[in-house]
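In the two assemblies presented below, chain A is common to both, partnered first by chain B and then by chain C.
Showing the complex of A and B:
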C-alpha cells in the first residue's frame, strides 16, 4: 500500500520532469541552432582570414585579426564615436527620462494620455524616425535656422556636415529611446511606497527636497536598469547611421564621422567581404558589453548591501 | 494660509501640464511634420505654411512603389515571429517559473545568456546558413531565426512567478495535468502579459531593419523598413513622398500600440522592474 503510494508520487514528479523538458525543448533547440551555433562560428571566424566570396579558402591566423584591428584607425574612430554617442546619450536619457516621468506622475489628470504619447517614438522604427528628423535638420530648415539665430551654431545640413553629423546621431538615439525610459521610470516611481512620501510631507519637506532626498535614492534600482540598458543600446547603435548614409554611400558617412562599432563590423562583412575581421570587431563589442554588465552587477550588488 | 498653498499647488500643476504638452509636441514633431508633409505638393515643401492645396497623390505614388507588397511581407514576417515568440517564450517562461526539473538552472542561463551576446555576432553565420539552405529572399529566413527572445522569456518567467501557487494546486486537485493547468488555468490568467509580449515582438519585428536588409535583396521581398529606406534613396529630392512612406510605416504600429497599451502598462508595473 505504502509502496504504491510512493510509486505514484514518484511517477507524478517524473511526469512533471517530462512536462518541464517538453516546455523548454522548443526554445533550447531554436537557440542552439540559431544563436549559439552561429555565435560559436563567428568566434571561430575571428581567428581566420576569410573572403566572404570564397569561404572555402579560409585559414587560421591566430590573433592576426585582433592585432590588425587595434592598429586600424578606422576601428578606433568607430570606437571613439561609439563612446561619444554613449557618453552623451546615456546621461541625457537618464535626466530627461526622469524629469518627464516625475512630472507625469505628479499631475492629477491625463497621466495615461501622456504616457501613451511619450511612448510613441519608442514603438516606431529607427529608419522612419531618422528620415523624418533628418528633414527637420536640413540647411535653412526649421531647427538649424532657429539654432543659428539663438546660439550662432552654423546653419548647415546636420546629417551631412562633418562637424554636426555625430551630434545629430546622438540626438536621434535620445529621440528614439526616451519614451521607453520614461515608462520605465514611471513604473519605478509607482513602486515607491506612499508611506515614505506621506511621512516626508508630515515632516515638512518641500517638493524639491522630497525629490532629491527621497524619490531619487528610492529610484536607484530603476536608474541602474536605465543606465545599463541605454549603454547596451548605444553601444549597438546601427540603424541611425545606416539610414543617414545616402544609398550607395559608405555607412558612417560623412567621412566616417558617424561610423560606430556595429557599422564598422557591418561594412567589414558586407562591403569589404571580410567576415573574419568583422567578427573580431563584433567580439570586441561583446567583451566591452560583458565588462559593462560585470561592473553594473558589482555596483548594484554593493548598493543592495547598503540598503 | 491653506488657500495660498492650494493656489501654489494648482499653479505648479498648470506649469507641469504646460511643460509636458510643450515637450511632447516637440518630441512628436518629426511625426507631425511627416504627416503634414505627406499631404503637400512639391512647390509647398519646406515652407511651413498652410498650403493652398492638400494633395493625396503622394500616397498613390508610395502605393505604386510597392507599399502593399511591403505590408504583405512585413505582415507575414511579423505574424510568424509573433506567433512563434508567443508559443515558445511563454512555454519556456512557464516551465522556468513553475516546474522543478533537473537542469532548470542551466536552461535558465542558456536562455538569459542570449541577452549578453549582441545579436550582430550571429549575422554573418546566419547569412551563410541561409545561403546554404537556399533561404535567401524567403520568408523562412526572415522568421525562423527570430522565434525566440531571452528578454521576453525572462519577462514571462517573472510574470508567472507572480501568479499564486494555490490556483495551480486547486486545478491539480481537480485532476488536471501540467498541460491542462497551463492551457486552461494559467494562460487565461496571463492576458496582460501575453498582450505585452505581442507588443514587444510586434514592435521589434515590424521595425526590424538590419536582418531583413541582410537576408533579402530582391525588391519584391522588401519589408516596410527596407522599402522605406529605398524610397529615401529614390526620392531624395521628393521629401513629400518619403514622408508619406514614413507615415505608412509608422501608423499601423502606433494604432496597435494604442489599442494594447492598457495591458502593456499594467503588466510592466505587475512584473515590477528591478535592477
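Showing the complex of A and C:
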C-alpha cells in the first residue's frame, strides 16, 4: 500500500530528480570525506593557534591569524609575486596558446608531431623541467648572453639574481603550461564550422580578417576556459619556485623574489609547523580564486549573451 | 519507488566498496606505519617490532643504515626485538609527513637526524629524554665524543645518541692559490680575503670564495668572530654582527664571492669541485666527494680561519626516540644495538664519516688523513644552538642576508635586531 502511495505521490520529473541525486551520491560521499571535511577542518584551524607538533594545545584566537597575515610583509611579497606571475603568464599563455594552435591547424603536414612537441613540457615533471631550463639560463650561457646583447638584460644566472628570478619563474610557468592550452585551442578551432569559414572566403575576407572577425569570436568559450584555468594554475604556482630552492637558499630565494602564495602556505604548514596560520593563508588564496572565478563567469556569461 | 531504493542501495554499496578499497590500499601501502601504530610494543608472534625512520639522501646512506639495522637485529635476536625501516625520500619529506603521523598515532618509534634544528622537537615534547633508558640498558655514553653527545642535550637531558661526528672546515683549492702566488692555506679571515682577492677573475667565472647562503655556512663565519645563535638569546651580539658583515663584504666590498646558485651548480661541494671557487666552508663529506670526483687540482681541508677566534662547528647524526614510542625500553635496546662497534667501524672504513665513538677515530684519521688537521679543532668546537623555531629562523636569516647582499636592502644590524626581537621561541 505504502509503495503504491509513494508511486502516486512522485511525478516522473520528480523521480528523475531523485534518481539524479542517487547517481551523484557516491561521488558526493567521497568528496564529503576527502574534500569538504578536510576543508572544513582547515577553516576551523584558521581561527586557531596550533603547533603541528602539539595539536592538543591548540587554542581559539578568532581572526588573529588573518590579522597577522595581512600585516605580514612576507605574505604581501608572496601575493605581489603571485599577481606578477599571473599578470605576465596568463596573457602570454592565451596569446601564444592561440597563435601556436592557429598555426598548427594551418599547417598541412605533421600536425600530430607539432602537437606532441608542444605538449611534451605539459607532461614533463615540473621539477625535471625547472632543473633542465635552469641550465639554459646560467651566466655566460647562450640565452643570457644573447638577451644581454639584444636587450641589455644583465648577463647573470637568472634563477639566482633578484632582478631576473621572478621572470625566470614566469618563463617556466609559460613553458610548462603552453602545450595544454594549445591543445584546448586546437579543440576549439576544430569546432568552428567550416561553412562559416568558406562563406567568409566567398565574401573575400582575408586570412587576417577571418582570424579577427570569425575565429577569435568563435573561440570565446575556449578562451574563457583558458583564461580561468591559467589564472587558477598561476595563482597556485608552487613546483617551480620550490625546485629553485633545491639549488641553494630557502623556498622563495633569492631574497623572497620567487615566493608565491602557495609556497608561503607550504612553509607555514610544513616548515614552521603552523597549520593555523597556513590555513588562514590557504583560505585567502581560496577566496581570491573564488572571486576571480565568479567575475570571470559573470563576464563570460554577459559576453555570450551579447554574442 | 522500489527502483529508487534499489538504486540507492547500489550507490551505497559502490561508495562503501570504493572507500573500503582505498582503506585497504592505504594499509598495504604503509605496512611499517601500521606496525608502528602499535608502536614498539606491537608484536609479530613473540617479536617486538621497533620502527626506525629517516630521510634517505642517497643509496650509499641506505646501505649503511641497512648494515646498522641488520647488525642490530642479529644482536637483538635473543631479546625478540626487531628493528624495521620506514624511509622517507629526504629529510624535507620526513618533516612534511612526520607531524601528521604523530597526530594520527602512526609515527615511527625512532628517527635518525642531525641536530641543526632539533630544539623545536625537544621543546614540543616530540622526543623523549633518554637518560633513564640509557641507564636501564646499560649503554656507556662515555665512549662517545663528549662535545657531540652534549650537542644533543637540552636543559641537562639527553635526547639522542650520535652515530657520526661532523666538524666544519674550509676547503681550499691549493692549485688556484699557488698559481696566484699564495703558498699557504688561510689561517685567518684576513688571509682568506687576501687569497680571495688574488684568485678572483670574474671574466673567467672564477671566484675566491664560494658562499652558500645557508644557515650552516653562515654560522661558520659567525663562530669565527666569536658569535653564535645561543638558542635565540643575544642574537645581536658583536660577534654575530662582525660575522654577517664579513660575508656581506665578501660580496659587496671585496667582490670575491659567489653563491652556488649564481654559479649555476648544485651546492657548495659542486661549486668547489668544478674549480669555480678557490675556497668554501665545508665538512668531512668533502673528502669522499672530491675523491670520487677525482678532481684535477690539489685541495686541502683546513680549520675554519680565525676571525677573532678559531672556532669550528661540531654536530652529529644521531638516533632519537619519539615520545609516542609505546615500548621505550625495546626502542632503547635498538638504539644501543645500532650504535654498535660494527656500525662505527663501517662509518670509518666504508663511509668515510667520522665515527662518534672516539676509539674508531684513529682508524678514520688513518684512512682520511685530509681531515686530521680539522679533527684537532674538535676540542674547541661549538654547536649550532639554533633557536626553537629553527626553520622560521633559517628562512629569515637566509632571506635577510640575500636582501642585504643582492638588493642592498637594510644592513646586518637591522637584520639581527629584528631577529633578536622575534627571538624564535615559538
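Following the convention adopted for this analysis, the second predicted complex is superposed on the first by the 275 of 307 C-alpha atoms of A that agree within 3 Å, B and C clash if a C-alpha of one lies under 4 Å from a C-alpha of the other, contacts with A are read in each partner's own complex, and residues count from 1 in each chain.
Assume contacts are C-beta pairs under 8 Å (C-beta built on N, C-alpha and C of every residue); 3 or more make two chains touch, one makes a residue touch a chain.
Keep in mind that what you see is a predicted model, and the values were worked out from it rather than measured.
Novice: In the superposed arrangement, does A:51 touch chain B (first), chain C (second), both or neither?
Specialist: A:51 sits against chain C, while chain B stays out of touch.
Novice: Figure out whether A:26 sits in contact with chain B (first) or chain C (second), or with both, or with neither.
Specialist: both
Novice: Using the touch definition from the top, say if A:38 reaches chain B (first), chain C (second), both or neither.
Specialist: In the superposed model, A:38 contacts chain B only, not chain C.
Novice: With both complexes superposed on chain A, which partner does A:146 reach: first (chain B), second (chain C), both or neither?
Specialist: After superposing on A, A:146 lies clear of both chain B and chain C.
Novice: Looking at the overlay, does A:290 come into contact with chain B only (first), chain C only (second), both, or neither?
Specialist: Touch partner of A:290: chain B, not chain C.
Novice: Have a look and say if chain B or chain C is in touch with more residues of chain A.
Specialist: B
Novice: So in the superposed three-chain picture, is A:272 touching just chain B, just chain C, both, or none of them (first/second/both/neither)?
Specialist: second
Novice: Could you tell me if A:129 is touching chain B, chain C, both of them or neither one (first, second, both, neither)?
Specialist: First partner only.
Novice: For A:15, using the defined touch cut-off, is the partner it touches chain B, chain C, both, or neither? Pick first, second, both or neither.
Specialist: both
Novice: I'd like to know which partner A:118 touches here: chain B for first, chain C for second, both or neither.
Specialist: After superposing on A, A:118 lies in contact with chain B but is clear of chain C.
Novice: I'd like to check the shared interface: which positions of chain A are touched by both chain B and chain C across the two complexes?
Specialist: Looking at chain A, the two contact sets intersect at 15, 19, 23, 26, 30, 52, 55, 135, 138, 140-141, 246-248, 270.
Novice: Please output the residues of chain A touching chain C within their complex, sorted ascending.
Specialist: Within the complex, chain A touches chain C at residues 3, 6-7, 10, 15, 18-19, 22-23, 25-26, 29-30, 33, 51-55, 134-135, 138-141, 156-157, 159-162, 246-256, 267, 270-273.
Novice: Per the contact definition, I'd like the list of chain C residues that touch chain A in the complex.
Specialist: Spelled out, the residues of chain C in touch with chain A are 1-2, 4, 7-8, 11-12, 14-15, 18-19, 95-96, 99-100, 102-103, 120-121, 124-126, 205, 212-214, 259-267, 389, 391-392, 394-395, 398-399, 402-403, 406-407, 409, 426.
Novice: Give the list of chain A residues in touch with chain B in this complex.
Specialist: Spelled out, the residues of chain A in touch with chain B are 15-17, 19-21, 23-24, 26-28, 30-31, 34-39, 41-42, 45, 52, 55, 100, 103-104, 106-108, 110, 112, 114-129, 131-133, 135-136, 138, 140-142, 175, 178-179, 183-184, 186-188, 190-191, 207, 220-222, 224-225, 228, 235-236, 238-239, 242-243, 246-248, 262, 265-266, 269-270, 275, 278-279, 282-283, 285-286, 289-290, 293, 300.
Novice: Which stretch or stretches of chain B touch chain A in the complex?
Specialist: 12-13, 16-17, 19-20, 23-24, 27-31, 33-34, 37, 46, 48, 87-89, 91-92, 94-96, 99-102, 104, 107, 110-111, 114, 116-118, 120-126, 128-129, 144-148, 153, 177-179, 182, 199, 203, 206-207, 209-210, 214, 224-225, 228-230, 232-233, 236, 239, 242-243, 245-246, 249-250, 253-254, 257-258, 261, 265, 268-269, 272-275
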